[in-house]
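Okay, so here's the structure we're looking at.
Think of it as A, B, C and D in the order they're written, each chain with its own count starting at 1.
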Amino acid sequence: MRVRLRYFASLREALGTADERAVRDGTTAGALWSTLVREHPAVARVRVRFAVDERYVDADHVLADGDELAVFPPVSGGC
Amino acid sequence: MFEIIDDAIDPMRLLAAVGDPSAGASVLFLGTTRNENVGRRVVRLEYEAFAGMATKEMRKLATQARRRWPLTRVAMVHRIGVVPVGESSVGIAVSAGHRTEAFEACHWLIDRLKEIVPIWKKEHFRGGTVWIGEQQGGPPVPATRSKTRRKAVR
Amino acid sequence: MFEIIDDAIDPMRLLAAVGDPSAGASVLFLGTTRNENVGRRVVRLEYEAFAGMATKEMRKLATQARRRWPLTRVAMVHRIGVVPVGESSVGIAVSAGHRTEAFEACHWLIDRLKEIVPIWKKEHFRGGTVWIGEQQGGPPVPATRSKTRRKAVR
Amino acid sequence: MRVRLRYFASLREALGTADERAVRDGTTAGALWSTLVREHPAVARVRVRFAVDERYVDADHVLADGDELAVFPPVSGGC
């Protein structure tokens, strides 16, 4: 199945705005991110949070086909 | 009114959005780019948002605030893109029957917004840039080394 | 900016008065005539001030606030005369490097203003009038008996 | 010596905006007010505060010739 990826802020600068990956059934958000970190070790230090379809999810959230997984570095809105 | 916008915040729109005959108090918070941050000379800030989710999260925060305090109305707006020194990046207005609720809820909303709403801030200071919130573990890196910033910061 | 005025409060003037490149947060409080007070249907409020002393007392409060919190700027304005429902009688703006100081100082200033600044409020409600702050000891008196209000209230 | 008087809010409605009184040397703000209350018992119930020349003073403040004594009912500015 396929999952779209969205990156923001420093992750966007390192990995680009968006990506798409084929993953096995049962893959979690955290597992997919671990795979990506192995490809791009420079982002390993970033404490990330995940959102699927514009809602926060935990790292153990199981992805579904067509999901959009957004990966966030620490948010810093406000002032 | 819960918006991500890319131009100047209009405080009067926020106040108008929370105006109500039953409100005795309105509190408006404006967060503004200041010229200094932890000793760095700030030139400008630059904001990026996951806009659709950000407005949803702002609405959720307003709903949570209404559960905690008897509020009349809430309005929240965040600006993205470049925000020069002296201009506002975020505006939150809260009206309530009485002032204590309006103050407490407004303060709580900006605290929570900073923790949870998917918006990011890049600080352009004299000598470099840094994404705020990621600098734990090392100092921000000068502009000349910005391509290797992440490694250097680790 | 510390003023007693007899027309509408302009929030933008208050915000402009506290704008500063070193300020990261501005908090504006507006106190507004609401349509209800302790069960009474409020038609309008009417304010009276000892204007010269009131502006002096506002300045003193600002000075005290600056001793308690690291503030950038403070502005306070109070309107006198008739203030209809939905319009503001008082506006206080505070700017500071960081938001917590701005919230705390603004809240403290309106609390203290209500305790100490020589301004009085007469509430015109459906069925009568009452000077607020004097009604301990009895209910407000209907309009038809307003000439003997003081005796009746005693 | 002479002292001017200023009244506000409910006291203004009861006693007028201003007045002037001849008082003996050493008269305090509180003593002068007691005299006035005896003339106008309707205002006896009002908890008052005093200001001389636009500064709050205590009831035992001794008045000076030419002072302006302002008598306040409880303030209620704000909203």
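In this section, a residue touches a chain if its C-beta (ideal position, glycine included) is under 8 Å from a C-beta of that chain, and two chains touch if they have at least 3 such contacts.
These numbers come from a predicted model, not from an experiment.
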item	value
Approximate Å spacing (C-alpha centroids) for the pair subunit A, subunit B	24
Interchain centroid distance [CA atoms averaged], subunit B/subunit C, Å	28
Distance from the mean Cα position of subunit C to that of subunit A, given in whole angstrom	50
Multi-partner residues of subunit D (each touching 2 or more other chains)	79
Two or more partner chains touched - positions in subunit C	24-25, 31-34, 88, 99, 110
Overall pattern in which the protein chains touch one another (line/ring/star/complete/other)	other
Contacting chain pairs - touch in the sense defined above	A-B, A-C, B-C, B-D, C-D
Contacting residues of subunit C [partner subunit A, same complex]	24-25, 99
Partner subunit C, residues of subunit D touching it in the complex	6, 8-10, 12, 14, 42-43, 45-46, 51, 54-56, 70, 72-79
Touching residues on subunit B, where the partner in the complex is subunit C	11-12, 15, 19-36, 85-86, 88, 95, 97, 99-100, 102-103, 106-107, 110
Subunit A partner contacts - residues on subunit B that touch it in the complex	31-34, 47-50, 52-54, 56, 78, 88-90, 110, 113-122, 131-134, 137, 150-151, 153-154
Contact set on subunit D toward subunit B in their complex	79
